[in-house]
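Structures for review follow.
What follows is a pair of complexes built around chain A, which joins chain B in one and chain C in the other.
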Partner chain A sequence: MRRSTENSSTKVQELVKKRFNVIKSPDSLVVALAGNPNTGKSTIFNTLTGLKQHTGNWPGKTVVQAQGSFLVGSQKYTIVDLPGTYSLLANSVEETVARDFLCFGRPEAAIVVVDATCLERNLNLVLQIMEITSKVVVSINLMDEAQRKGISIDNKKLESQLGVPVVPTVARIGQGIEELVQMVHKVARNEVIPKPRIVCYDPDIEDAVAEMTPNLEKILDGRFNPRWVALRIIAGDSNLINQIFEACEVSLPWAQ
Partner chain B sequence: MGPVKAVRGLDSGFNDDVNDRMVSSIYRQAEVIASSCVKMAGSSIDLDRKIDDILTSKIYGYPIMLLLLSLIFWITLVGAKYPAEALYTLFFWGEERLTELCLFLGIEDWLYGLLILGVYRGLAWVVAVMLPPMAIFFPLFTLLEDLGYLPRVAFNLDSIFKRAGAHGKQSLTMSMGFGCNAAGVIACRIIDSPRERLIAILTNNFVPCNGRFPTLIALSSIFIGGALAASFGSMAAVLSVVGMVLIGISVTLGVSWLLSKTLLKGVPSSFTLELPPYRKPQIAKVIVRSIFDRTIFVLMRAVKVAAPAGAVVWLLANVHTGGVSLLTHSANFLEPFARLMGLDGMILMAFILGMPANEIVLPIMIMGYMAEGAMLELDSLMALKGLLLDNGWTLMTALSVMLFSLLHYPCGTTLLTIKKETQSWKWTILAAVIPLLAGIVVLIVLNQGILVVQSILF
Partner chain C sequence: MNGYYEAALSSLPPGAICKVAGLFVEGITRRRLLDLGFIPGAKVEVLRKSPVGDPTAYFIKGATIALRKNEADNILVSEIS
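Moving on to the complex of A and B:
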């Protein structure tokens, strides 16, 4: 009995990954690569995958999609490069693509590349991604540039503040990449379980979230983060909510 | 189908501002985390921040923008006088030499007229009127761009554009429009929402492009600057050009608002605008780039259009039917309507013939007036003033022409670009009709309004 549900859930996983044109062997895990534009995301992607790359388009969108593969020990990984965005509020095709993949693509881990020279702006995206998935590893890139500008970042403190692993990197010269890969490996296999910091909203919003969460937990059944779904409902993001409930195959409580 | 219908009515009981509130909570928390984990030893970033705090401040932001804009126009206006005089002299000298050459070669009268009085004069006017202000305005504008000031302008203007139901990035595409409306229309690609992109495309033409700045600058220095004492003159001229720009921006906002309430209904979307660090501009590179990329490019385009237009105007002015030239026929035909708007038939004719490029509107007017008989030697801006006064121009005419230059259909290039970008004739035609209607309404209301006021007062 248990076996069969596991099988069907992997089947669903495979189907979901097909929806996003993820080309992979069944035994490989999927990592999403997110970040603001100009953070060295592509450099990290190229360092990780080398020549094992494939570019195409996101299904039905005119946005370039790059994916590749790499090995950690004997474990295969497929890494999907998401479009560089400043937020996930779905104001643009790029943001929609990135958000949909994080939400529906069910990656086993997500690397968020941030620019060490302007951490504050980059953290906005990190916080938004952590609302969707907890399996986040932050790569603070451009550490050398930050140093030159006299900016120092307390990694340990950042890690405890964010609640997810933080790895400093200088992707241009490959520094920190091995550590990043190892951390991704641990998160993807649940050896490290991140506890992302929760963004607190205004009291009225928090009240509404608290009211909706118990019901949502039942409906979503672990497939989506209930808090995030509640927030999207409050934001009136009906398009996304439709997709989420369709994915859960439930009729909506407010449908007549 | 079911759920879609159901969710369209999704109402969480929150206002539209809930999104903004959520975003600001996220930003606040990012700020808290960053400030606890980041130490900055350098002062360069602090300095950038301090400058940004002033340039994008709620109190100083707008005055500084206006001041910088006025400063640029002032430098352009004052600086363009001398090279312009030199160019007038040079071209007049050139015309005399060419005339001698034609006499020597025994060229037929009509060919001489077509080539020298038509093509050469058209070209000479375009270059003399356009080149000096462009050669000064472009490098200055590029300098501001290079410093990183334009994104700050966008930041300042964002909230007004939002209130007009448009996208904040429209302030950037509008700024591009000051350079060239066709470029501004292409720049609208940076706006992701189709509704807001269309608004930005349809209203881009309301800011004067480089083809129209020289017209505005020349007319304001002749009629507004010239009317006052020299010391106040250039200042008044600058203010009137700045005023035109402000009118253009207000109309942009007004029409955007109207569109977003009627044809293109919807709520503006938010976006993240990166304020890049300030950079020391590479002055030599800026000058070279702005002269080659922009000045020469715009000038060449004008020249390409001006040469055939000059020939056409000369032909229209010299082909007679019933003892009256075709040009006069057409101008006379347009006269009653033009009068209603405070213009005259020749001016309207010039705007119609100038459709391919705004740069040649003023030169066509000049050629038109000259072809009608007043063959004075045009070798300076003051001679131009004489010509215009002889043809019945007043301060009000100059103002009306400036306004109409601001508010009429986009040039041919821009219209083609709009067709390419929107893939629709409907929006392209609207892009021409909306500003034209705005111009006609504004001019008729203004001119007829003044007449009514005068008749009541006197």
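Moving on to the complex of A and C:
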């Protein structure tokens, strides 16, 4: 049993290296950095990594990939900057790249950067990411600009509504970055276990999800969130579903 | 603007302010428009048209979004009351 889990974790590492060009190991935990365009995502990335970063392309895609590393105590983290998107429903190469990394790259934590001056627009992506992975930390950035516009944000309330940690930041001057890093560290090591709020859909959809979930739980075996996979099946996202089942080494009846 | 109106977003001139009344598409395009913030009740301002008249820039929920005419044709808007 022990041996098989070791084997499967090296297998995941190899796949992640091949598919995303990201090296995953116990010595270096992986953090994904997601967010809408123009939220200060890159400012946070630069503040965290300083000069320890390298850029290239996502394998096989004409989308820029930036990776860097930072330390929290003695723990090394590799942070991967995902393309800025409003959604993860794979309408563009950028969205596919971001979604695939969150889904198949298995980051130990995901930071979602949101713009404090237009929260409503930004929370759409937060909810979509929370459906894929529970290991989410929200960074409400541009807090200074929001203040200037007379917007005040109740972080604690937002945190309890979303069910995931929320850290206010002003990345431009480095404010809140230390708190963000500490929170990511806690989430990555399972010291803080976020409980993402579940988005409820129409009753017919919820019924179908409930019907599929028990079987999916068995098939997915903890590798993917069964509720999310059920929702993707209902949406008819066959490309993604095939990839998920392939990753679970399930032979598909219709593929034979 | 005078009087109550309901029109396609694509038909409004720059400067017009309206709200989204509904979407005339299904599937991926609908999802895309919703992701961009075009949800019923949302306030939209027509900012400007590109020199050739297409696409047009709209200000919605704190961001400027450009849509092609054939996309904006699918968005039904009404006067802000």
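Operating definition for what follows: the second predicted complex is superposed on the first by the 235 of 256 C-alpha atoms of A that agree within 3 Å, B and C clash if a C-alpha of one lies under 4 Å from a C-alpha of the other, contacts with A are read in each partner's own complex, and residues count from 1 in each chain.
Convention: a contact is a pair of C-beta atoms (placed from the backbone, for glycine too) under 8 Å apart; a residue touches a chain by one contact, two chains touch by 3 or more.
Given the structure is predicted, the values throughout are model-derived calculations rather than measurements.
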| task | In the superposition on chain A, see if there is space for chain B and chain C together, and answer fit or clash. | result | clash
| message | Going by the contact rule set out at the top, does A:Asp115 touch chain B (first), chain C (second), both, or neither? | response | second
| What's your read, chain B or chain C touching more residues of chain A? | B
| query | Does the superposition put A:Ser87 against chain B (first), chain C (second), both, or neither? | reply | both
| task | Go through the superposed model and pick first if A:Lys195 touches only chain B, second if only chain C, both, or neither. | result | neither
| query | Which of the two partners, first being chain B and second being chain C, lies in contact with A:Ile233: first, second, both, or neither? | reply | first
| Which superposed partner A:Lys218 touches (first chain B, second chain C, both, neither) | neither
| query | Given the touch rule stated above, what does A:Asn124 touch, chain B (first), chain C (second), both, or neither? | reply | both
| said: Counting clashing C-alpha atoms after the superposition, which of 98-106, 152-160 or 296-304 on chain B is the one that bumps into chain C? | reply: 152-160
| query | Once the two structures are fitted together, what part of chain A is touched by chain B and by chain C alike? | reply | 86-87, 89, 91, 120-121, 124
| field | Touching residues on chain A, where the partner in the complex is chain C | value | 36, 38, 86-87, 89, 91, 115, 117-118, 120-121, 124
| message | Help me check something: in the complex, which residues belonging to chain A touch chain B? | response | 86-87, 89, 91-93, 119-121, 123-124, 126-128, 149-155, 157-158, 161-162, 197, 199-202, 204-205, 208, 231, 233-236, 238, 241-242, 245-246, 251-252, 254-256
| Complex interface listing, chain C residues touching chain A | 28, 31-32, 35-37, 61-63
| Given the complex with chain A, which residues does chain B contribute to the contact? | 2-14, 18-19, 21-23, 25-27, 29-31, 33-42, 44-45, 192-193, 269-272, 274
